[in-house]
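The same chain A turns up in both complexes below, where it pairs with chain B and then with chain C.
Let's turn to the complex of A and B:
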């Protein structure tokens, strides 16, 4: 937002005039503020703050909705920690997160840097639109499409790799390939998000910096490595943090593509929350998994901000 | 386009040797990536125009030799597309309008009104931006159940009204407007409501457009909450209907399912075309996509 007009030397002269107002106006302002804030604050309290506390409380109870809840202490957490499906789901989610975020950032950064080179403006906006188009589609519907494309027997992907002599891959039906396929589908849809962030970040780097670097003889990869990337590092941090938070909550792609299988090989934490709560009606255990996921997200985010102090350069 | 310069400039620049091939190689590489990105979408559209029997054909024909709308008639036979579309439209439109109202009002209060507990309240709003929906879904479900709102469209709509991100965005937006406009109106005797109504609200349209377009994009495509909240078919939204259609048809008639996917994509594509600018601004402004 523009803040060019906010501070000017003339302004302080007019300020004091506005300061002492009759209290009738103040009361009007307070009433207006209350009315304006009520929908948002009440909504956030009822649908976010209470549920957060509720999650923690529920995680200490056994409850299946039908019978009345019984206090469980830390039993749910102990059960969840020893449950092999839950453990695998956390492991899957972490593996998914590392590879999905890395691929997403790498693809987005390469494309943004390439697009930043010289080319006609219209062509640039065509490419930009193409790269962020998947972002506006429904992850569930797109997974429906991808399920056909990655089908082992009649999928287009296997036909394509068959053209270069690779034998058909059981993309969705083998324990080894399924998680990779889920990552590919997720990254295909999500990289546009990081891409847009990078485009914005690159636009904020003053042209003079590039020109100065070029005059000093820096070109291509070296220029990017030593000039562009440090200047882009705040954007990289945002893209990584948000990318990680989103990846840790992945649900639609594994749910539609593989339903967690084969075995538990693509079961993610949010899938486990969904199944435990709404298929098995074990609300206490589901809440315990939810609380653990929340703690994980907070911890990973805090860790990133911590590490970022060494790598991120603010201008 | 009379723009011939960019490429010739490149070859004139100091690093001629390095860049003589550069621009073209770059454009070809980007074109290949764009094709890979749009490939699945192109395949979806072209396959939806084939007969169910032909939809397995490999190599896939990008331009169908005998385009037919058979699959589209099929999808209307299989599922109540109109009902799904109506549900999706109702849910999405009401949420988008609701978010524009709540975020506009709260954003203005945080930016331009003075009241007690302003800082902690704003802190609370910001903090909830960090809380993932998936973590709170069990209690949210129970809250809605106690209100009798599970398996209703209202249960999908009302909890989505408050938007921490939208509030934050609108606050920034109002903060960016010159303060002396309101002060001038105040000196003319306008009360706080008049100042909002006549001075600032009319300027807020572009900011509200961002909130609205983001809300549309997110909730039109939303799957997780509808999956949990809506149990009877009459309350299904489009993504839910399509996933269950695929479940029912299996791999029997790909083109029918894909026809449904194409139909459900149309409004999102329309918003992408018309509202691309606010959409991009919204996505980049705070880096929050959900």
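Let's turn to the complex of A and C:
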């Protein structure tokens, strides 16, 4: 005979205890924290969330500023997808992004590594300031000056290359050369930001690691590839993400230098948004292009963070 | 695991949040839309006039404001000089102001935007003009009917032109002398023009380009299309306007006038259009002409005044510009655009457009009349930065200091070539201009590019013209 015991379903030994009510002091602290955070949150909501939501909503309407908006459903998206100018502008922007960011990072990293070597402090300061200086200038002003310099017939650049017997180059008026020229101008101005990040990143690498690598016989390029770069990878990630986002939103340089031409060869997505909205008064279509650009930036950034798991090493 | 039991207190709290949010949403929904003019201090009851910033400096604004205050002390005037690189940029900024709820009462509008504003935003001035006909007789007698006609849309008048610029040819006399060439005759032809460019090229160094032009609607390809007897879009005239012509112009001058221009069917693939592009492409190939450069020709004054360019198309506005750049009155001169099939010139004019949204339309009309008065324009245009629409203002004295010697060309362009007309600027002007500039750049990349680029231009123009603005 067996004793059968009726086992009741598992039951907690104690009743769940409600979290203790916050004291008056805790509530005061929370209120204070909320008050301090409120301006930032309101700022983000008003200046970031609302415009994003507004753009998405507007992309579903036809609106020309003058008349009331009318619901369009997905018509703006259909229009945008069949518009060859929009397609070309996305392609131009991607090509621009790839070359501009690569050049920007390569130049900035090379210069940062060079400056991180043995050099008098005052000279290092001069170089740092000189490389960073273009970044504090307005992109539009720089582009106006560059437009003069790169003018095919009267520009200084062609005059200089003419001194060594090279024929004038149509820097801004040839479909093949114009995008390259815009990239040159953009990189010249923008590499200072990545350069500054790399300088900071290099200074954070402990000297002991380099000394240990030297003792192990690592020198020159090998030391940079196997020691410096892995330790600099978090900085590299930040510089790449910021560089890619900025490059995908490029506007001033192509607008001033070439106005998108010749043809559509330097027309970027943000230029198309500006022209569609403010020149052609098709705000719905412009918003649809804006939404697509937003999705593209999000996707590229997500991809970068995904890849960073493999290539970025945190100390 | 979270506790899913809601206490009565929590329920009440969330209920209160919900009610608060609903109340806020309800208030927002029932509230009138807030606009920029609701900002305290923005709407001070002034009559607001938006002008193109670079054309209206602080001195011009002071002249206009003080002069108007003397005539109408009861009307408070505010002139808003909008900084913009060109007309297209200016219109974009005005439309942004309208979208923000801070629309001006009056906007200074050039031919590029006359029909766009007339169709969507403008108030016709017909009843004001009829009412004040006696006062305006002197104005119309002084202003060429072509300029007035360019400010009409579908039979109604929307602006009183105060300035204009026709695309004539400026020539650098130093370069002419270097080439051993004479100043061209008024009836010079396209072949004379080409020969002159070749002579200039031969006598100058490698850093010299005989002919410079800027890729834009005014003064770009369009003058060559006009000279070639064609246009980018088919041109016709709207019916109507007889009330104006019969009231203000003698029979000879009102003949053939209508109710404004209509630009409709694109004709970029027309043989004559292709021929004009082929001609420009051949000049580029031969090194006689710059490639189409975008923008507003900012560096042109510099290269022309230093003799690195020999010839360029420009209007009366350039006389003042060259003078300010230090060019002496006899160092340059102006001649009509060369004859090809025709010697029809293109021009652009400007005046003040009254907006539908204005609540001060009567006061605005008083400003329009004031701005078109001779004494006002004399003070405003004293540096030859444009060609005044009033014929009587173009005198030898005006151009004595700045030049050019043949200053009569500016107004005679309208008189001697009666078919001279405005640049093609339908209500879809923004898109048409964008398409024109885009494919002009592509077409002139090489001689073989002309035909394919014009075919694509035609397709895009057709699409642009189908859109309702």
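Here is the rule we go by: the second predicted complex is superposed on the first by the 271 of 315 C-alpha atoms of A that agree within 3 Å, B and C clash if a C-alpha of one lies under 4 Å from a C-alpha of the other, contacts with A are read in each partner's own complex, and residues count from 1 in each chain.
Keep in mind that, in the parts below, contacts are C-beta pairs under 8 Å (C-beta built on N, C-alpha and C of every residue); 3 or more make two chains touch, one makes a residue touch a chain.
Please read all numbers here as calculations on a predicted model, not as lab measurements.
Once the two complexes are laid over each other on the shared chain, residue contacts for A:278 go to chain B and to chain C alike. In the superposition on chain A, A:151 makes contact with both chain B and chain C. Contacts of A:264 after superposition: chain C is touched, whereas chain B is not reached. More residues of chain A are touched by B (comparison of chain B with chain C).
When the two complexes are overlaid on their common chain A, residue A:132 makes contact with chain B while staying clear of chain C.
Legend: residue contacts after superposition of the two complexes on their common chain; A:206 is shown touching neither chain B nor chain C.
By the touch criterion defined above, A:73 reaches neither chain B nor chain C. When the two complexes are overlaid on their common chain A, residue A:159 makes contact with chain B and with chain C alike.
Within chain A, the residues touched by chain B in the first complex and by chain C in the second are 18, 144, 147-148, 151, 154, 159, 278. Within the complex, the chain A residues that touch chain C are 16, 18, 64-66, 144, 147-148, 151-154, 159, 162, 170, 172-175, 258-264, 275, 278-281. Of all the residues in chain B, the ones that touch chain A in their complex are 1, 3, 6-7, 9-10, 14-15, 18, 22-23, 26-27, 29-31, 33-34, 37-38, 40-41, 43-44, 56, 58-60, 101-103, 105-106, 108-110, 113-116, 118, 121, 124-125, 128, 130-143, 158-159, 161-164, 167, 172-173, 175-176, 178-180, 183, 186-187, 191-193, 196, 217, 220-224, 227-228, 238-240, 242-243, 246, 251, 254, 257-258, 261, 264-265, 268-269, 271-272, 276, 279-280, 283-284, 287-290. Across the interface of their complex, chain A is touched by residues 3, 7, 88, 91-92, 95-96, 98-99, 120-121, 206-207, 209, 212, 215, 290-295, 298-299, 303, 308, 430-431, 434, 437-439, 441-442, 445, 453, 469 of chain C. Partner chain B is touched in their complex by these residues of chain A: 1-3, 5-6, 11, 14, 17-18, 25-26, 28-30, 32-37, 39-44, 46-52, 54-55, 58, 111, 114-115, 117-123, 126-127, 129-142, 144-149, 151, 154, 156, 159, 188, 192-193, 196-197, 199-200, 214, 219-220, 238-239, 241-242, 245-246, 248-249, 251-252, 256, 270, 273-274, 277-278, 283, 286-287, 290-291, 293-294, 297-298, 301.
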